Amino acid sequence: MENLYLVTRSTFERTAWRLAARLAKPGDTICFIQDAVLAVKGPKDLQVKMSELESNGVNLRFLAEDLNARSLNAPVSKTINYDGLTELIEKARRIIS
Amino acid sequence: MLRTGPYTSQNMDTCYHLARRFLIKGHEVKMFLYEDGVFNVKKEIKSPQERNIAEMMAELLDAGAEIKACGTCARFRGVKKADILEGTKLGGMTVLVNYLNACDRFLSFGF
Amino acid sequence: MNEPKKVIILVRAAPYGMASAAEGFRVIIGLTGMGLDTHAVLVDDGVLVSLKGQAPSDLGMHKLEDAYSQLQDFGARLYVHTPSLEERGILEEDCIGVEPIDDDELGNMISTADHIITF
Amino acid sequence: MLRTGPYTSQNMDTCYHLARRFLIKGHEVKMFLYEDGVFNVKKEIKSPQERNIAEMMAELLDAGAEIKACGTCARFRGVKKADILEGTKLGGMTVLVNYLNACDRFLSFGF
Amino acid sequence: MENLYLVTRSTFERTAWRLAARLAKPGDTICFIQDAVLAVKGPKDLQVKMSELESNGVNLRFLAEDLNARSLNAPVSKTINYDGLTELIEKARRIIS
Amino acid sequence: MNEPKKVIILVRAAPYGMASAAEGFRVIIGLTGMGLDTHAVLVDDGVLVSLKGQAPSDLGMHKLEDAYSQLQDFGARLYVHTPSLEERGILEEDCIGVEPIDDDELGNMISTADHIITF
C-alpha cells in the first residue's frame, strides 16, 4: 500500500474527510478512527463518495474499538482492530492524518 | 507528533494503543509532543476512577519509547522541566528533525 | 425564595473522541444536584450519547450511556433532538429513554431558559 | 465559562476582549475555567515576543474580575493550587452554580 | 433582542453554524466571530441559508476585528466591532454559542 | 551522505482562530533550516494564510502573511491548493507569492514524500 489516510474527527461535524477522499488513489487506504467512525452513518455526500472510492480501488477501513465504543457497526470485511491498524501502518509507505 | 492534551481529546489514547503494539512488535517508538501535547507528560496528573494518562506515558517509557516535548510550547503553557515525567525531556525543533530523519513511518495527530 | 434558574445544556459532541459529552455530564449532574431547573438536550453528534450498546472498555473509558441513563433519576430532564437522530439514521427505539424534541420545541425551550451551556 | 486553553484557541482572547469592555462599563465579570480552560491561569506562562495570556488574566483580576477554575479538571491536567495566578482559585461545581444564579448573561466558549 | 447566537468556528471546516441557522427566530441575531467570519465566503449552502434568515428577520453580524485579521470584508451594515458585540450581549436575553 | 528527507507540511487550518497555522510556520522554518526538503502546502482553510492585507494587531497577534511570505527566502517551497481557493472565492492575485497546486499535483507530491505533517 502506498498511502494510508487516517480520518479522526466526526464526519458530520467536520469536513476534514473531504481531503482524504479527494487525494486517495487506487491501492490507498482510508481508515476512519475515533469519532470519524461515524462515517458509517454518513453524511450522505460521504456515503456517495465512499462507493465511488471503492469502485476506484481505494480501501475503506473502520476501527473496531472505536465502533464498539460508540455502538456502531461496519461490514466485517472493512472492520479492523488496533492490531490490524498497526499492520496497516507497517505496510503503508506514508501516513496522512 | 501529538498536538493535543490529555483527556480533552482521544488522540493521546490512540497514540498509546498504537505505540504499545509497535513496541511489543520490536519497533522503536519516538513521540514528539507539540502545542497542547506537552500537557500529556505532566507528572502531577491525578485521575481518580479514570485511566491515568501520565501513567500510560510512563508505561510507554518503561517499554522503551522515547518521548520529548517542545520546549517553546511548554514555556507558553507554563510547563517547566520540573513538571514533566522522569525520562522525558524538553527539546527544540532539532528533536523533531532527528525523529523525521530516523523514522520509517511518521504519524501526526492534531485538532 | 426565587424560582430556580432554568439552564439548558446542549450536548453537541459525539462521545469518546472528545471529553465534551463526559464533562457535560458532570455539569448536568452538578446543576441538578444543586437545585437548578436543568434540561439536557442531545443534539448534532451528541445524539450518539443516547445510542444503546456502547462498549468503550477497550478504550479504557467509562460508558456514557450508563451515566446519561441515570439523569432522570437525579431530577434532570434529558431530551434528544429528533432531526439530529434522523440525519444520522438512528432510530429512537435504539436509544436509552429520552424525550424526543424537534426544532420548534427546542426553539421554544430556549426561549424560556435563563442560560444555555454548550458542550 | 471557558473550556479551551491558552494560545491553542482564540477563545481566551475573545473572552479577554469582551471582559475588559464589560468591566470598563461597570459590569461584574466572573469566569469559570473548565477542562483545558484551567491552563489559562498558570502563572508560569512565558511568552517572549507574544501576548502573555497569564498577564491578560492578571489584568482582568486587577480590574475586578472574579476567576475560578474547576478543581477536578485541574487535577486531571496536573495543575495544582500553587501553579495558578494569585487571586484565582480552584473550586467545584458550586462555583459554576453560584455564577449561573448570580449572572444576567452567560457565555460559554468551547471546542 | 431575544437570542444572540455566537458562531466561532470556520463555516467551511465545521458544520456547527447549522444549529444556529436552524433555531434562530425573527428578531434574533447570529454573530460570526473568530474563524467563523469565513462565513462571508461561504460555503454555498450557508450563503443560501443566510439570505433566507435575513428575509425571515434574523440579523446577521460579523466581528470587525476578526474580519480585519483575516483580510475579509462584510457589508458595513452587518459589521460590528468588539464594542458593538459588547452591546449586543447586553441587549440579548440569552446567548447561545 | 543520504538525500535529505522530503517532508510535506499540510496547513489546513485558518489563521488566528487556532494556533495551528502559526505553529505550522515554526515547524516549516525549523525543518528548512535544518536541511530537510520542506514543502508547505496551504489547503482547505489554510489558504487564508496567503490572503494579502491581514491585520491581526487588534487581536494582539502577529501577521502570518508576513511570516509565510519569508518562507521562500529560507529555502522552503510554499504552495496553495487552487481548488481550496476556488471553494472560498479567493483569487490567486489577492494572495502572496505562492505556487498554485491542484489535486493531481498534490497527490503526486505526496507520492514522492517521506513524511507528511498536518496542521
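Chains here go by letter, A, B, C, D, E and F, matching the order in which they are written, and residues are numbered from 1 within each.
Convention: a residue touches a chain if its C-beta (ideal position, glycine included) is under 8 Å from a C-beta of that chain, and two chains touch if they have at least 3 such contacts.
Because the structure is predicted, anything quoted here is derived from the model rather than measured.
Enquirer: In the chain contact graph, what is the shortest path length, in steps, from chain C to chain D?
Expert: So the least number of steps between the two chains is 1.
Enquirer: According to the touch definition, list the chains common to the neighbour sets of chain D and chain F.
Expert: Touching chain D as well as chain F, we find B, E.
Enquirer: Tell me whether chain A and chain E, two copies of the same sequence, contact each other through the same residue numbers or different ones, using over half shared as the line for same.
Expert: same
Enquirer: Give the chain pair, either B-F or A-F, that is connected by more C-beta contacts.
Expert: By number of C-beta pairs in contact, B-F is the larger.
Enquirer: Just grab the chain with the largest centre-to-centre distance to chain E, centres being mean Cα coordinates.
Expert: Relative to chain E, the chain whose C-alpha centre sits farthest away is B.
Enquirer: What's the chain with its C-alpha centre farthest out from chain F?
Expert: Comparing chain centres, C lies farthest from chain F.
Enquirer: So what's the Cα centroid distance for chain A and chain B, whole Å?
Expert: Here the centre of chain B sits 25 Å away from the centre of chain A.
Enquirer: Between chain B and chain D, what distance separates the C-alpha centroids? Give it in angstrom.
Expert: That gives a centre separation of 26 Å.
Enquirer: At which residue positions does chain A touch at least two other chains?
Expert: Only 8, 12-13, 15-16, 34-35, 65, 94-95, 97 qualify.
Enquirer: Mark out which residues of chain D touch at least two other chains, giving numbers and ranges.
Expert: In chain D, residues 7-8, 10, 17, 35, 50, 106, 108, 110-111 touch at least two other chains, as defined above.
Enquirer: Counting only residues that touch at least two other chains, what does the list for chain F look like?
Expert: 12-13, 16-19, 44, 59, 61, 114-116, 118
Enquirer: So which chains end up touching which?
Expert: Those chain pairs satisfying the definition are A-B, A-C, A-E, A-F, B-C, B-D, B-F, C-D, C-E, D-E, D-F, E-F.
Enquirer: Sort out for me which residues of chain F touch chain E in the complex.
Expert: 12-18, 44-45, 48, 51-56, 58-59, 61, 65, 87-90
Enquirer: Under the definition above, what is the set of chain D residues touching chain B in their complex?
Expert: Touch residues, chain D against chain B: 5-8, 35-36, 39, 42-48, 50, 54, 75-80, 83, 111.
Enquirer: Which residues, counting only chain D, touch chain C once they are in their complex?
Expert: That would be residues 1, 3, 34-35, 72-73, 92-94, 96-97, 100-101, 103, 106, 108, 110-111 of chain D.
Enquirer: Under the definition above, what is the set of chain C residues touching chain E in their complex?
Expert: Chain C reaches chain E through residues 10, 12, 43-44, 83, 103, 106-107, 110-111, 113-116, 118.
Enquirer: Taking the complex as given, what residues does chain A use to touch chain C?
Expert: 8-10, 12-13, 34-36, 38, 41-43, 65-66, 68-72
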